[in-house]
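After this come two complexes, each holding chain A, first together with chain B and then together with chain C.
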Partner chain A sequence: MKEVRIHGRGGQGSVTAAELLAVAAFEDGKYSQAFPFFGVERRGAPVTAFTRLSDKKIRLRSQIYEPDYVIVQDATLIAAIDVTSGLKPEGMVIVNSEKSPEETGLDAGIEVRTIDATGIALEIIGRPIVNTTLLGAFAGATGEISIESIKRSVLARFPGKVGELNVRAAEKAYQIMAATERKPHAKAGAREKRETHEIHEKIGTAAIGKPGTSEITKTGDWRVFYPELDMEQCTRCGKCLENCPDAAIIERTLSGHEADAARKKAEELEKAGKIKKAAVKKAHIRYELDPTYCKGCGICANECPIKGIKMKLEEK
Partner chain B sequence: MREIMEGSHAIALAVKAARPNVVAAYPITPQTHIVEDISQLIADGDLDAQYVKVESEHSAMSVCLGASATGARTYTATTSQGLALMHEVLFNAAGMRLPIVMTVANRALSAPLSIWNDHQDSISERDSGWIQIYAEDNTEASDLTIQAYRIAEDSRIQVPVMVCMDGYTLTHTYEPVELLEQDLVDDFLPPYRPTDFLNVSDPKSFGMFADPNYYTEFRYQNHRALEAAKAVIPEISSEFGEVFDRDYGGLIEEYRCDDAEYVLMAMGSVVGTLKDTVDDLRDDGVRVGAIKLRSYRPFPVDEIRRALAGLEAVGILDKNISLGFEGALFTDVKASLYHDDNAPKAFGFIAGLGGRDIPKRTFVKMFDYIREDKKSSNSEFFDLNTQILDFQEV
Partner chain C sequence: MQAKEEERPTDLLASGHRACAGCGAALTIQAVLRATGANVFVANSTGCMEIISSQYPQSAWKVPWIHSLFENAAAVASGIEVALKALGRDEEGKVVVIAGDGGTVDIGLQAISGMLERGHDVCYICYDNEAYMNTGNQRSGSTPFDASTTTSPFGKKSFGNDRPKKNMPAIAAAHGIAYVATTSVAYPRDLAKKVQKGIAVRGPAYLQIHAPCNVGWGFDSAKTIEIARLAVETGLWMMYEIVDGELVNVMKVPRQQPVEEYLKQQRRFAHLFKMPGGEAQIKLIQDYANYNLERYKAASPVGTREIQT
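Let's look at the complex of A and B:
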């Protein structure tokens, strides 16, 4: 039996990846099992999903603690959690990263393969949805599964154009991985075992007296896209503020010269017919992005009634 | 024919094969994809049934009750808080002897809030008069859905059936599922033809007022029906086995128990992990076995007594707790063994609450525990993180 653990973030399709892999293995005539571990269901939050592949019927139902393979859909997770926890000595980690394996920060004793899945997905699919690309990479790097089965599994789930684009991205990643030779296995025990994240905080009788923990989680690290706010057109309706799940759009009120200058500029724009009157009245109010917490989910852009927010790819 | 799919989808397809007339459900959290997939099947014209969207689980069960009383085959699915909200109506459905089939995707109850798996929700409905059968994998859950209608609608039984399957661990898991061929299901499960149902040309009353001269007798009959199910469940299981070539045995399944000295007993999907643990320990020459309890109500007293006779010790895993006492299953097993000179020592384990994972190493520790020479006590909490407790010893 081979066990695969997939680490990703909510919205990256980690659970779908685990399922597609299981379906592909089934296509290859194997028994397979895929299941998620849902944490807090939140876009951007760390998500783990599991797939087992076997020639025999699978009865085991526990999570995967000693995987043969780990797929990391988002390299920023490496700093946050021990993605290689329990990895078998002869195991392999596939990381979505444009960096080299040595630059990932993973222990030297581990066989690490990197692939710029985000780059491939953006180029071919046009969105940073990396799960299918990484499955192609998995097929190419491990040989545990045929790329044909991966393609069939993707097309069955996403028929039409979307499926075809995903298949092309998977194929490209497969070719890149299959063309690179596997390095010899690291020796058993070559790597240091990291401390696992254990909870020692007392829980209290019924209540937990530790509010405000969302401040600790720097959700800005999860961002691929960022919203660009058009403050000239903005009518300050506040929809983006209200709908931001991480309160990452901040309202700032200008005063004194700053306020006067903003109003003056807005009046000129209105006269020129470039913006509406509604945008002038509140010109002294600014909406600003808090990069520490904006995770780039795009809800603000979706909600903005004047389409004044554009999602832009973050420069690396 | 085998196909790979999510557990919830397998159940939706099994329900479709059972050809229910009415499906009522409240499709919001906590739910599964089961009723979502069924509503899709109905909308696509693949299942000819009336889908009733209701405003709560209490209403979902009420609609099932009303529909079933008119002679319609009815279905619903729920989980955790949703099942708790149905509580009142569950007793009515059983008391009115209505053969409703319901999938319970087992999940923990609040508070504290948990969306994850344990058995507290259905165990807490133990006395509702419903038959409860627990599935180990998605094929068994799917097969049980068909068998449940045969059991519930059997003229010797006429009580509703809960098919219990672990939330997430089964409902959200993709795995190969043996599909049910429609023509075979149609032969195995003919349309529901009740003798008593709401009919204007032959009026009858259900759930009517029963004064102290009658109430006990109705309860006795209801109880006898569940007792009778002890014979009917294995009978239908073996008939199913003849048609579909998959026989799950009866009220319990014994795994490598023949020459075992130590046995662990559990319900639901965790039994798969337990069987793998038994294989590992057997490879090391340890004589251990596993018992899967399939039918929790009716409780298989005789089968358990027979299966445990002569063992050194048995450990019972409860993914539930009757607070202030112990695990519900442990209590029942001990009661079954009372007055039995051949009874082994019995140990209770509370584990797997609110989604706490039970890997093989936990079962190895449980086997180690029951193999030591300890005195019996109430259930022990297993895998407890004592470092985070805020508890004052009294």
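Let's look at the complex of A and C:
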């Protein structure tokens, strides 16, 4: 039996990928199983899904703690959670990244294969939907499943043009992976099984002891776009603060030299006719983005009455 | 760019909660808690706001908070209220229910009716995102007419949800309670004022707050407030108070927008613009909006009164 764990973010189709893989295995004449981690994860939040493939009937019904293969749909997850938790010594990690395996930040002792699935998906499908592309890469890299079955599975789920584009993307990823030589395995025993960490915390009692502890969850890494605030033009109306669902815009009042400098600069700008008088009076008040929690929804930019907030693509 | 700890705002719903980007309901809860202040006891029914705020072992709440079941937040709140009285601690704060529309107009209706009937000193706040969004967009009694949801999908024989929105504020008012109000996340000052009235009143109060869900309704996450505002400006969401049984303070709609402006931006109504017969359905929705302005006497001659934001 081979066990596959897929890490992605809500909205990236991790659960769909797990199901497509299971159907493909069935097409190959295997027994298979696919299921998600049952959590409350939302669009952008880390999501986990699992697939088991076997030549025999699968009796196991637990989560996968010690996977043979891990698929990482979003490389930013490597910094956020332990994607290699429990990975078997001979296991492999497939990461969606344009970088080389060495640059992923994963331990050198692990067999890592990378593929620019986002690039392939954008080129062929026209959207950064990477799950089917990565299934092609999985077939090419592991040989556990035939690409024909992956194609049949994708087409059955997504008939018509959408399915065909996804199949082409999967095919391309398959060819790239199949053509790349796999690094020889380290000798048996040279590598150790990865330590198992609870990716999702265990539940003990039904009470939460401390208030406001959600702040340890840095929701900023869900973001694709971030708001850039133009503090010169800003009239400090407060609409961006008021309309942030994540309290990620912070008001800071400058004092002393800092306040004087800000006022002076604003006065100069006003003289030059670049900003309105209202902005000068409140020059000592600053609005700042808290990148730790901003999810990049864009409400602040949409509601800013002077259109002084621009959404910029986050560089990852 | 990293903000320092002491500069964090004093929001009583902490950052790090798992609401989707651009969540109208999370924004609603923040606004509600800004208006109530810290001296509240919150009973929260099952739903989005419970799930996103309390992933074990974390909590986003900085006020006393309890979650029990989908159907019984009003009963739990009733119990807290009488317990505080029995302990002589009722001056410590107001008991507040925060529940979604599913937990309010469908599953929790019996418990709410009991709470209102017994006259508990509880302010009940329903954030209305017009379907069961936590489980992925199933129709609730608060889903508007012709909205397509997973349990009221459009198709050859259906334009989506075939029932109008249940008039829950009227049901609450029928219990003879002192204060009922509707408001919207797009009007934070109106929202704050009404929450404070609901807190101040002795005995039960009922508030329903329109809170768009960009994922379930299908619009860009940046447009949560814009969509909420359009619901008011088209006449599809009315803002009013019912004080001691009398309809008062209806927010006027000086320049009514055509309902298409609201409908066309949302995936849940997209079929109305594509299907044969869709035009007639949009006309029905427009008639409903016009009827709203008429029955709440919200229409006003152009330019006489602006909507206050």
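Throughout what follows, the second predicted complex is superposed on the first by the 185 of 316 C-alpha atoms of A that agree within 3 Å, B and C clash if a C-alpha of one lies under 4 Å from a C-alpha of the other, contacts with A are read in each partner's own complex, and residues count from 1 in each chain.
What we mean here is this: a contact is a pair of C-beta atoms (placed from the backbone, for glycine too) under 8 Å apart; a residue touches a chain by one contact, two chains touch by 3 or more.
None of the values given here were measured: they were computed from a predicted structure.
Q: Looking at chain A, does chain C or chain B touch more of its residues?
A: The larger set of chain A residues in touch belongs to C.
Q: Considering only the touch criterion stated at the top, classify A:59 as touching first (chain B), second (chain C), both, or neither.
A: After superposition on chain A, A:59 lies in contact with chain B alone.
Q: Does chain B (first) or chain C (second) touch A:167, or do both, or does neither?
A: neither
Q: With both complexes superposed on chain A, which partner does A:303 reach: first (chain B), second (chain C), both or neither?
A: In the superposition, A:303 touches chain C alone.
Q: Examine A:34 and indicate which partner it touches, taking first as chain B and second as chain C; both and neither are also allowed.
A: first
Q: I'd like to know which partner A:150 touches here: chain B for first, chain C for second, both or neither.
A: After superposing on A, A:150 lies clear of both chain B and chain C.
Q: With both complexes superposed on chain A, which partner does A:295 reach: first (chain B), second (chain C), both or neither?
A: second
Q: Just checking: does A:19 make contact with chain B only, chain C only, both, or neither of them? Give me first, second, both or neither.
A: first
Q: Once the two structures are superposed, pull the chain A residues common to the chain B and chain C interfaces.
A: In chain A, positions 201, 203-204 sit in both the chain B and chain C interfaces.
Q: Which bits of chain A are touching chain C when the two form their complex?
A: 39-45, 201, 203-204, 208-219, 222-223, 241-248, 250-252, 288-293, 295-299, 301-303, 311
Q: Applying the document's contact rule, which stretches of chain A touch chain B when the two form their complex?
A: 18-19, 22-23, 26, 31-36, 38, 58-63, 65, 199-206
Q: Can you check the complex and tell me which residues of chain B touch chain A?
A: 4, 6, 111-112, 115, 136-137, 166, 168-169, 172-176, 269-270, 272-273, 275-276, 357-360, 385, 387-390
Q: If we count contacts the way the header does, which residues on chain C are in touch with chain A in the complex?
A: For this pair, the touching residues of chain C are 1-3, 7-9, 11, 13-24, 26-27, 30-31, 51-63, 65, 188, 214-215, 220-226.
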